[in-house]
Amino acid sequence: GPGTSTTGNNGGAGSTTIKVATDFPVSGQDTANGKPAQNGAELAVKEANDQNFIPGYKFQFVPKDDVGAQGVYDPDTGKKNVTELIGDALVAGIVGPFNSSVAQAEMPVANQAPIVLISPSNTNQCLTREGADIGCSGAQDKVPTLRPTGKTTYFRIATTDDHQGSVIADFLYQKKNYKKAYVVDDTTVYGAGLADIFVKEWKNLGGTIVGNRESKQKSNDYGGTLANIKAAHPDVVFFGGTDSQGGTQFRQQLQNDAGTSSLPFAGGDGIQNTSFAKTIGAKGAPTYATVAKVNETILPAAKTFIDSYNKTYGEDQYGAYSAGGYDCMKIVLAAIKRAIGDGAKTPKDSNDADGGKTFRQAVIDAMMKTDYSGVTGHHTFDSNGDTSNKVISIYQIVEANGKTDYQFVDQISAK
Amino acid sequence: MSEMQAERVEGTPSEPVTAEPLLELSQVTKSFGGLTAVGDVDLIIRPKEIISIIGPNGAGKTTVFNLITGIYRPTKGEIRLEGKSTVGLNPDQVLTRGIARTFQNIRLFNNMTVLENVLVGQHTQLKAGVLGSLFRTPRVRHEEEAARERAVELLSFFGQSLVDRQDEYVINLSYAERRRVEIARALAAKPKLLLLDEPTAGMNEAETLEAVGYIRRLRDELGLTILLIEHKLAVTMGMSDRIAVLDYGRKIAEGLPEEVRRNKMVIAAYLGQSAEEPEQSAEMQEQTEDHEVK
Amino acid sequence: MSSVRTLLPPPDTRKVIIKWVVALLLPLCVFTFVWSGEGIVNNVFLGYLGAETSTTFTWTTLIEATIFVAALYMVIIALAGYLTAADSGRRGWIETWVDIVAQVVVPLLLVQLMGLIMGLAASIIVWGAYSFGRSRVRKMLNYTPPPPLASLDTLTEEARAQRVQQATAAGFWFATIFAVISLVADIIYYVAGLVSNTLLIWIVARTIILPIAGYFLGQLGGRTAMRRALKAKENGANGNGVAKSKERQLASLSLARAKEKIREIVPTDQPLLGPGAQRFYMILVVAFAVFYPVIDPLLFGYGTDGRLAAYGDAGYYVILALGLNIVVGFAGLLDLGYVAFFAIGSYVWGLFGSSQFQLLTGITVQPTIWGWLFWPMVIVAALIAALWGIILGAPTLRLRGDYLAIVTLGFGEIIPVIFRELDKYTNGINGIVGVYSPALPGVNWNSITTIPYYYLILALIVLCVFANIRLRDSRLGRAWIAIREDEIAASSSGINLVNTKLLAFGAGAFFSGIAGVYHAAKLGTVSPDNFNFSDSIIYLAMVVIGGLGSIPGVIVGAIAVYAINLQILGQLDTLAASPDNILHVFRSIPNFAFNNVRGMIFGIILVAIVIFRPEGLIPSARRKRELHHEEQKIPEADEGDALEEPPGAPDFEESVRVE
Amino acid sequence: MLKLSNVNTYYGPSHVLQDVSLEVNEGEIVCLLGANAAGKTTTMKTIFGLVRSRSGSISFDDKAIEKRLTGDIVASGLALVPEARRIFPRMSVMENLEMGAYTRKSRAELSHDLEHVCDIFPRLKERLKQQAGTMSGGEQQMLAMARALMSHPRMICMDEPSMGLSPIMVETVFNTVVRIRKEGVTVFLVEQNASMALKLADRGYVLQTGKIVLSDTASNLLTNDLVRQAYLGGA
Amino acid sequence: MIHFFQVLVIGLVAGAIYALIALGYTMVYGIIELINFAHGDIFMIGSMLSIAALSLMGVTGNSHPTGIILVLMLIGSCLFAMVGCALLGVLIERVAYKPLRNAPKLAPLISAIGVSLILEDAGKLWNGINYIRFPQIFPRFDYCLWPISIDSVLPPHVTCLAKPADSVIVTSNNLLDIIVAVVLMVALTWLVARTKMGRAMRAVAQDRDAAALMGVNVDRVISSTFFIGAALAGAAGFIYGLQYGSTIYSIGFDYGLVAFIAAVLGGIGNIRGAVLGGLLIGVLEQMTSFIPDSDVYGFGLPHGGGAWTRAVIFAVLILILVFRPSGLLGQQTPEKV
């Protein structure tokens, strides 16, 4: 007979297997970005199955890799992945993507299916909001394209760059009393965007940007930039970017140079991870970083999560978005539970396109009602799909009991 | 023809007597750094002549060819084809003007078939451009068909065996056959003047005789003018209307084969009859020469 | 002789008919009864008969499916006729049948089991293993296949007629047997209650139609075969003179080429490989490709859109590979920055075919209208890319070999940076969002539809292949190859090196531009970080792995690299996550994930392919030669790589010696 | 000294050397004749392991060499003047000559030998500093010959050493052959210039499409009708 | 001015590493005309090997050996990386390139790309997906080059006149870097130009069969080339670790690319060219920071030179190649390898 039926086909009734997917860059040069997030999500699924989260239903984890043929994240591949996932009626929701530029390709597809897409790490504010005040007008006015049906199907638990950038500016200017900042970004969407917001807020506050606001492509050696910094005599160096786009080298080389080793250094979530902290160390001038979430380490939920994560995947696999991936997946699972509780019927099998469609819509509706407290704090979603949790935590690298890591310093709620 | 050349004095540039010169080299010099590979060479070639350039190794013969065909630019001097200077032209432009050549080491396109090699030779004869080729307009199609026919025709000049092997990659051919294909490729451009650089090198005596035969036919049947570099006296002496002798880049003699052969300077620099065993090589030359004269 | 027209074949030809009827029935029955064939047919007729059971088809898809089904069965019946007519009869039954089982039936089953791409990949392994095993067995049994030239034979008019008749009989009997098998199967299904009553009409009709169609199709196959037969001269008694002269001609070719040529002549020992049979395969492949979107759900179940999206992506790699093949394969210019032109193509449509155009120029853009401009813009963008190809190529012409490569690499790095940093125009790192899809009457087309893009890429590929072939076989193509072989000789044959090389760059960039426009429209966004050195490298790998200079080769190479990397390696973890997949066992290894070793596996595959097939998967005839004659290629001491400048350049003379 | 027995060599599918057997004794000049594409160069290459025979054995000084590396074969006292010269184009003439003496240890002998070959080929002496690749065809041929002599071989194989040389140089080359034989070097010679080669050789073999069809003393070959017809340009 | 010289110093130091890697590229290219794309990843493995060596010797993040022990440790870990890489290089040559000796020219290139992918994942499997720290055992001193005053008292006493941020500084790490690089380069140049092995390498590069006919063991020569080239990459890895303090599996790709550019810039196949090219690229890369932001100053490049670094390097390279088609030293010294 034609066609292939898949798992969980129990006659005419809905499937008892529900698939939940991720889409992250988990191989090639992007491994360090996506892999920890995917692991977090997988852990959430594993726990849900172990705890019989929705009695009578099992979750199947479907991890997708959006690294393309070239070995780096690839919007084409991401879009293809999402299209594939949509084709399987049993897939109820997708966690991902990691990069905003991949999100731009995936969002219209997911929106029209429709299917839930929830990202732990997309921080580009224009993905969900419009308006000149946040820099999302003109060419940056993307919402109509990314949300063609007009309905919100994309969610994220990361606070957007506009908040992150201004909070760290406030912190450095007001609490630390730095007045002159030198700003470098890594020429990526995320890095340049963050730096832009920082500069704007810094100037609002009355601070000065010394030297050139510098865009610096990932480089093996930042010597030239260092010389520029020395010449400008700043109080603090702000870096908009990620560790993998040169952040680590940049910070290290600042430390290694006598002329700059005494300069404090600050950045966003792109550099807030254990491996960065370990590599940089706590000696010398302080290194600050923000994360657009509450400080999980003070939440008991986080402790158990981190422990079980480290047990399952190893400490060195813990990344900035492990907790985010975990929480995203838990939010999706919770929405599925609620949808089923509200009487939504799961699709019969992978071929049941119509059943899949109704069920997914039910999940989306349930997502809107999310009220979740997890490792990254408490989340509800506004009508744009952005989290209510606009808490930004500030960290500093310290060495304590023989371990070097980021330590929570302060937490600020964005305006 | 030979009467008119008989009067010519060795070593002096010949004055135009009857026909307009086809190619004219005057005071051509080429130096590489400190080394003068070709120095003040004058040479006149008239239509339908077969002229040989001989000379010791490193005398500058191949360099003269390279100068004529635009691969090198002369340091000094003038090269004129039918009165118009060719100095400064690229090899492809020189070919368009009507000078085709072969190489001392065969330079065929090894991974092309025999026929394709000859078709490449017709490059300048064909007009098809990008669009024409894409849409394969009737004109292009006819042109292509005609080109193939002509290629086969050119191959048949050397007998049936090449025609039979037209679809074979040239690398599978024997040395002598490859030489022929190279000449066919040069002929494909419909040149007025054909330059052959040691066309019989690496051939045994029997094959050499065969080659001499078809080089003659090139002139007699196709009306080509031929300039030839060759070390085998059997070839040069028996076939050339005139011979020019180079040594250390200078032309030391020019004239009829017989004159050149008796020239003392030539003997000393090149023929080597002043060396210990004059008899042997002379005898051999005579012997082979006899064969072809018949 | 042919006085009695009977469909019952004479005893001597019965053998060959049985041989091929069985050989073809095997795969056909597997497809029909084990896989989806019958399902498709039934669905089609249920659609026509209006039974409510069929939900899969709309009218247009119904017609498409019908054409496909008809083509499929007709071609196979005709093939039966062809094969019986073309067979020299010198190869045994068992051998043929085992070949068919290993090379067709097993792959069919694998594809059904694992999906198209994975199935094909597995089949390649099976094919390899089988041919290895076969040669082993042959050696053991001391069996050598009959020598090819011995089958060269002329056919008299009479013999030809007889063969056609034989083919007719084969077609008839093949179809009849198939009809009977189907009938029996359907009766069983009917009894089991699996066939709806309405379908009985079709079952009866089929049983009648098939034998009749078989008769004519068999004849068609036979006539097709006879077109490749050596005709005996009518008047002379010794018809074999033709064969003798042909034989002499073939003998003058090298062994390998003679083998190639002999395959084209009927009767032959391996009619399945003959160009006549390939005609029929072509029909099948084309029908499959054209109607794929309709039959995919019936063949492979859910997820058609995902697969089509993937094929759409693979498609632009094919175009890129074809374009790069012109530069690297034909003209022999190593290009490590080919991605630059892809980027240019993408940005042309990205900037023009989106609201960005309005922002830049102030001209109001109507999305409904703008979509139409896609079509002319494909050409415009390609031309712009080509122009840049020429502009960028110009300074590189003095360079040779790897110096050229590095300069092209440079362009590949510079161009995306320009697009990224000139953010006033290109929107910089944020890229351009909302790039329009093409518009076509009656087609609902937007950035998430996959079927229109599938057809679009199919059409573009056909165009590009066509252009590639035309260019290769033209005066220009010869000039490119000549330049690759020997620049000095090419130049001395009247080829203008500068123009010809620039044209190669331009032509290569042209295709890349087409791929870029397609990419921008399909993805719906363009951003500068999608164009990296690693892209250029991957394109190059596609071309080399496929076979430099070989058009089918680079197509296969592009698809293979894409499929290995994305369809297979990128999916292993997804597959392993599903509990009922065999790969699931890997999950029990603690901390194991395929994506941790994805690059490593891909690397190993690359190295392995290159080592086992250095000349590529489907080498061009030329390159095959080159490889085998490598030793003879004397590194032209004094010229070759010493030639660092084109003739005419000021330093040229010092660097070259020509003899 | 050198012995080939039943050597078969292929290029891909084409069977180029078919059961070739031949022998060169110490102190002899042996020449190998054959039309173009007969397989003469292939014979040379097979001896030196540049292409490998599929079957048959080759021995030098009674030691099997068919499986040894080219470098080792050369080190054991065999040298080749290859077809088409194969000099090192981007090295100076001097360096090329030094490469010729690669297998030899003593530095002192080297300069002596250098003088020796420069005596034979004065043109090289003028050009010791020139980049070898820019020399004329004939000059390169001299260099190839000189380079082979630099290794002081006990036996030397020459593949068309007179190709592209002027008559005077051809004489020089042949004189050199005679001279080195006097010095005790065995010579195995492939020549298109059959009559000259036969005049100085002791024995000769005739190779025809990969098979040895004739072997005899040189003087007999010179008068052999078949040889005269095929290689000497008629009777 | 201080600014400029400081950048120059930094550029030279960075360039020394490029130069060492470029040498391997250029040698391998010189001998088998292969762009060995895996070379950058060998360098990456080298940096990891030197860390491994240090931890084998018991160096943890916090230990600070001194004196002879320190010297031995440095030499030991450098040698370990060099030998490890050298063996790896030879192994790669055997497995991935040797079977392709007679293959079409681009086949080994693809093989090299494959090897590069393999090594990258191997690095990842070995040391994880994050940066790993290189123990800073070499004590750090800053030497002020300018502005300084020198006392006339004997022995002369040098004092720095400005704060570190305003002086041209070279660190002990920088010096070590330069010293190791220079020593190795000199040794290599000597090896290739003066020894029999070097001459054999050049001969093999020009005509493999002819070299064999001179008695050269071609396989061994090619293996040695890979051995030496990879050893230099290993040394570069060691220096890199000392200089920058951390390493990751992905550095090989970038470094390989830049070093390749350097090799071409200098004239590929040319040893002195590779060194020159490496230094030049190193300096150039840093100098791009001087290009002003055109949006701010009205001239320069949008967003400043830093965003254009790679593009600028390539633009300069292309310009140079247009005027010197065989690289800076490619033509003048015809020597290959």
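Just so it is clear, A, B, C, D and E label the chains in written order, and each chain counts residues from 1 on its own.
By definition in this document, a contact is a pair of C-beta atoms (placed from the backbone, for glycine too) under 8 Å apart; a residue touches a chain by one contact, two chains touch by 3 or more.
If you want to know which protein each chain is, UniProt gives these names: B, D = ABC transporter ATP-binding protein; C, E = Branched-chain amino acid ABC transporter permease.
Bear in mind that the values here come from a model prediction, so they are computed numbers and not experimental data.
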**Study point:** Chain labels contacting chain C and also chain D
**Key:** B, E
Point to revise | B-C compared against D-E, more contacting pairs | key: B-C
Check your understanding: Taking each chain's centre as the average of its Cα atoms, which chain lies closest to the overall Cα centroid?
Key -> C
Review point. In angstrom, rounded to a whole number, how far apart do the mean CA points of chain B and chain D lie?
Key: 29
Point to revise | Computed distance of Cα centres, chain E from chain B, in Å | key: 52
Revision key, fill the gap. Rounded to the nearest Å, the gap separating the Cα centres of chain A and chain C is 41
Check your understanding: Using mean CA coordinates as chain centres, what's the chain A-chain D distance in Å?
Key -> 73
Point to revise | Two or more partner chains touched - positions in chain D | key: 50, 84, 86-90, 134-137
Check your understanding: By residue number and range, which residues of chain B touch two or more other chains?
Key -> 32, 62, 104-105
Review point. Do you know which chain E residues sit against two or more other chains?
Key: 117, 120, 124, 206-207, 303, 307-308, 310
Point to revise | chain B residues touching chain C - in the complex, by the definition given at the top | key: 32-33, 62, 66, 69-73, 90-93, 95-96, 100-101, 103-105, 107-112, 116, 119-121, 123-124, 126, 128-130, 132-136, 140, 144, 161, 164-165, 167-169, 171-172, 185-186, 188-189, 197
Point to revise | Residue ranges of chain C touching chain B (in the complex, touch as defined) | key: 248-249, 252-254, 257, 467, 470-471, 474-479, 481-482, 485-486, 488-497, 503, 507, 622-623, 625-626, 629, 632-633, 636, 647-648, 653-654, 656, 658-659
Practice item. Within their complex, state which residues of chain A touch chain C. Key: 1-7, 26-28, 31, 35, 60-65, 67-72, 74-77, 79-80, 83-89, 101, 104-105, 108-109, 112, 124, 126, 138-140, 142, 144-146, 148, 187-189, 192-193, 215, 217, 313-314, 350-351, 353
Check your understanding: Which part of chain C faces chain A closely enough to touch in the complex?
Key -> 36, 39-40, 43, 297-307, 309-310, 313, 317, 355-356, 359, 417, 420-421, 427-434, 446-448, 450, 519, 522-525, 527, 529-530, 532, 534-535, 537-538, 561-562, 565-566, 570, 573-574, 577-580, 591, 593, 595-596, 598-599
Check your understanding: In their complex, what parts of chain E are in touch with chain C?
Key -> 29, 33, 35, 37, 95-96, 99-100, 102-104, 106-111, 113-122, 124-125, 206-208, 257, 260-261, 264, 268, 301-303, 307-308, 310-311, 314-315, 317-318, 321-322, 325-327, 330-331
